[in-house]
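Consider the two complexes below, in which chain A is the common component and chain B and chain C are the respective partners.
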Partner chain A sequence: MSVNRNNETASAEAEAVSKSAKSRIQETFRDPFFWSKWLVVVAFLLIVLVFGLLSPEAFLTTYNLNNILVASAIPAIIVVGQTFTVATAGIDLSVSSIMTFGAVCFGLAFTNGWPLYQCIIFSTLAGFVCGIANGLIIAKREVNDFIVTLGMLSVAAGAALVLSDGKPRQIIDERLANVAINEFTHIPYLMFIAFAIVLVAHFVLFHTRFGTHLLAVGGDPDAARAMGISIVKIKVLVYAISGSLAGFAAVLTVSRIGAAEPAANTSILLNSVAAVVLGGVSLFGGRATIFGPFVATLLLQALSNGLTILGVASYYQYIAVGVVVIISASLVRTSNK
Partner chain B sequence: MKQVAIECNDIRKSFGSVEALRGVSIKAVAGEVTAIVGDNGAGKSTLIKCISGVYDADDGEIKINGEVVKFVNPEESRSFGIETVYQTLGLIEDLTIWQNLFLNRELTKGVGPARLLDKRKMRDRSEEMLKNLDVYIPSVKARTRGLSGGQRQAVAICRAAGWGSKVVIMDEPTAALGVKETAKVEELIKRMKAKGLAILLISHNFDQVLRLADHIWVMRQGSVMAGMRANETDGDHLVSLITGAATGGKSK
Partner chain C sequence: MTSAVALVFAAATSSAVNAAPKKLKDIRIAAVVKGLDNPFFIGIKEGIEETALKYGIKANVQAAPGLNDDIGQANKLDSLAGQKYDCYIVIPISSNNLSQAVGKITKRGKTVINIDSPIDAASLKAAGGKVTSFAGTDNFAAGKAGGKDMIAKIGTGKTIGLIAGLAGNVTSNARIDGFKAGALEADPTVKFVGPENADWDTTKALEKANAMLLANSNIAAFFAANDQMAQGISKATGIGTKKIYGVDGIADALSLVKSGKVTATISQYPYVMGQMGVQACIIAAQGGKVPASTITPYYIIDSSNIDQALTNKSTRGYFPNQLPPGKYSNPYASKIKK
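Showing the complex of A and B:
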């Protein structure tokens, strides 16, 4: 890229001043980031179209689309946290375990008779603490994020088993069950909650100083530090957000299952990383959108839902998701060159 | 009589047993370009890092407009009106021009936790900042990635100059640029000088130093060997001072 730049320099300035609207549109279309942003929307519509044609009476029903939304809600919240960590050129592999740990903490609080709101705060706090630990070790000790969060994956999963003695706890609460079951204008409550978080995350990323600094740290940590931005602060906050969202998502999982289970939910980790990549967030950091990964989450759920409807065994669905992720990652890779 | 913008007295800095600066005293005057020349390892970079707050000097004092100041990080140095344009790092490619100009100085509106970025104001001010130094860039909304090397350096310089700063330090500002772009950046430096900024220029390019500088300090092995007006010297003389073939006597 840098070779190109030098060749362009001589005429670039004169050219640039007299840039018309038309050439600016052309430039937008040539910008790989533009495509990685919209690729996922096109792919999502394509998948809905294909499954809609293959199985119109089963896939394109309100009931089924509602199912997809319900199934997407919890992953969508996890994906927001993952997007933040990836935008700083990091990754959080511990999200699924933190979620399990949060659910177990929720179960403990609930069976001890804490009021519901306190249980929710406790679960979120449990995730927050795990996230802070991740962030501090990654940023202060400068340990590789991959290793730290991989370690936390094991620690949180183990802690969940220890605290619960390996047994699930039934959680019977009408209000919780209502959240999981009810809907408003065919849109499940769970999705409203997820979308509210997505909206807030979008505002945080693109309309606050923290968001700009986050992207700056992800894009070029040395340059960000030279401008006085604290890399430690940003990284700790990012992992704390990811952990807290996982802790909060645990509450919604409990509400869906009706129990706090110590069982690990590994597919949610794969899905979160997959959605971030599909959604056009650069794994090298510095470039991110919130809506891209959100649509990618819907896409992945629609994909497995559609395959199930077509009668494809769930074993094959793992393969399908993996293939989609690898293909999309390689598409983004080539278009960035 | 022009005002002395920055004055360093007897700055010392060691890294373990290596004495990088052995009591360096220089000054730079407002509205002038002051060049620091010297071979690799002469201590130029260490000196400017002490001035910009990257390093904390072991000993010595720094005066801004006659007042002794003390800072331990770049942010504090910046708060005294000292800005640095770095040779390599500076702009963040994934951010837009206005985001880079306002990086870590973002304007916000609203109160408390609901403080949102005031994007329009920052874009408008960015345009002003660029216009103020006659830098033309198609749109402040463009990502920095698409800019040429010269345009980037121009943006970085506007950022350094646009914050009510008094002293702008430039470390090899044209090292990575072509001939045409170098000329543009030099024009920019002259305009900053005309606006009354004190400019500290580090450059290996003697022609450039002689073209731009009003005053030159020559450093060698962690000490200042000589200080002179640029019109009292020439390239050969500078080379002999830098290599140690000639001695400049007491620096003035």
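Showing the complex of A and C:
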């Protein structure tokens, strides 16, 4: 995780170079944004430590850590898309429904005998189309993103029910199932896929012109417009990315469940928003990291896994997860100021 | 971040598999049920917990984070699979979503008992999973018993109005089809109006019943695929003393049977499903032969046994009767070694 370069002006950078190493480290620790990024890592390690101490023989096993990684993979992909939309001061509430819609499209293609790769492309494209629609309405018509994606949540969920007639479609395919079951050096394939997407997203956000423009639009749209950045283009692309990732994540869902389910899974959406905030991404746009929300995803899954292992009753788990989210988010928030 | 993950993995250990027969007090059971926002699954949870307590064994009952959270439910089962439980009781949200998780448990040499909703056999086989025993309701049989019983009450050559749940719902279809089969068996001359879909809803059922009565004044009785809809029908104009049957055995339905507004409710016993799940687990852990499957009881509660059903009533509310008012077949209980 590199020190944030985007929010430092050129003069500040020049100043920093002239300072001694010691004072630079002090500077880093005093920089609130540094903490908003690293807090989630500290919290994650703390949670692993606590559960490791409370249930060493069950929590800290290769088998169980593998479970946490499997559970984190699909949310991690959704979270990448959500991070992009939040970085432009937007939000995508339709991710879970788009995922369901993508899964149903995958199911249709698969039962019609399409080759696997075409089914994967079809599902991703279905998500892409929903995302483009979100982006165009938000950017061109300047409608509030909250409302547009809330509408899309309903439209995509309904479309999934219509296309599937409300019935799950069983998809038994050895190649797909292997993706969900198999692992390499104790890391599940699913996590390799998710982490590859995280790496690409990090590169796009911090090492391409598109990424710089995206953060500029999120930070100060007027200034960005004055610089000649097309806000419409950025917004449309951001929602297209979020939609496509949801459509692609749908394939992995099908691989885990072995069926295309027609009912939307809203916990994916709530988790993605929580992870983005926990990861230190500013809801006001302009400030983002990819790795923060990724670690936050691991944190949320480790928390749910650990509580289940300890045998904490389901009712209390809701409270525990909520409390951790609120506490961490409020810590991130204060350090953001 | 990769370093953090690697660090965690460095601390990892492996856990052993234990398959030898166990003493009763050493048996540990884990269960993953559907979302607890549905009273039916609360009934099952109570059945598991109280039965485990009765035998003096430990049970950890977990629920899916939400009624539709299929992956979240699979994650929960995965979380429990790594621990030293002897047996896992599962109710899948969909017929496929737990197959891979069950496959993992089977590979670890542990027992899985499936209750309420069956896991699809093909998807289970593809995932290498094995279910040792299944205990669940036969909605078709419950409907069929209701059909026969109603003909006995109203006589032959009559017309019956049918009100179903959500269009395409498997449970609703099985109950309606079962009812028709039972009624036709008892009286081949019986006529049906509907089924009309009232989406499990009281008000919608009332509207449908009104419309059906207007169009067919000769309807002698109604069958609804659940109790809420039977309750709606009981408020229809011109319902008079026409017979009404519902399914489930919820608290409201029992009061309506008592007051005579609803004729009968074909009651189901989620508590018994939980109970049988625990008993099947114990047999397996003791190294006994577990019956492959069983149908959990349903009982027609009408004026003849309503008082007994109400005395049985637990204080918990929605599914008031934990156990049926009479005998029911339980192939598990006798096979447990004390």
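The working rule: the second predicted complex is superposed on the first by the 316 of 337 C-alpha atoms of A that agree within 3 Å, B and C clash if a C-alpha of one lies under 4 Å from a C-alpha of the other, contacts with A are read in each partner's own complex, and residues count from 1 in each chain.
Just so it is clear, a contact is a pair of C-beta atoms (placed from the backbone, for glycine too) under 8 Å apart; a residue touches a chain by one contact, two chains touch by 3 or more.
Not measured: the values here are computed from a predicted model.
When the shared chain is aligned, chain C comes close enough to touch A:Glu57, but chain B does not. Contact with chain B, but none with chain C, is seen for A:Asp222 once the two complexes are overlaid on the shared chain. Once the two complexes are overlaid on the shared chain, A:Thr208 sits against chain B while remaining clear of chain C.
Once the two complexes are overlaid on the shared chain, A:Val86 sits clear of chain B and of chain C alike.
Contact with chain B, but none with chain C, is seen for A:Arg287 once the two complexes are overlaid on the shared chain.
Looking at the shared chain after the overlay, A:Val238 reaches neither chain B nor chain C. Which of chain B and chain C touches more residues of chain A: that partner is C.
When both complexes are overlaid on chain A, the residue A:Ala177 reaches chain C alone and has no touch with chain B.
Applying the stated contact rule after C-alpha superposition, one finds that A:Ile98 touches neither chain B nor chain C.
Looking at chain A, you'll find no residue that touches chain B in one structure and chain C in the other.
Contact residues of chain C toward chain A in the complex are 1-2, 4-5, 8-9, 11-15, 36, 60-63, 65-66, 68-72, 74-76, 78-84, 94-97, 99-100, 103, 120, 122-123, 126-127, 166-168. Of all residues in chain B, those touching chain A in their complex are 73-75, 78, 84, 86, 89-95, 99, 103-104, 106, 108, 115-117, 119, 136-139, 147-151, 177-178, 180-181. In the complex of the two chains, the chain A residues touching chain C come out as 1, 41, 44-45, 48, 52, 57-58, 60-65, 67, 69-71, 74, 165-168, 170, 172, 174, 177, 180-181, 186-187, 195, 253, 256-259, 261, 263-268, 291, 294-295, 298, 301, 304-305, 308-309, 311, 313-315, 317-318. The touching residues of chain A, counted against chain B in their complex, run 5-6, 8-10, 12-13, 16-17, 19, 203, 207-209, 212-213, 215-216, 218-220, 222-224, 226-229, 282, 286-287.
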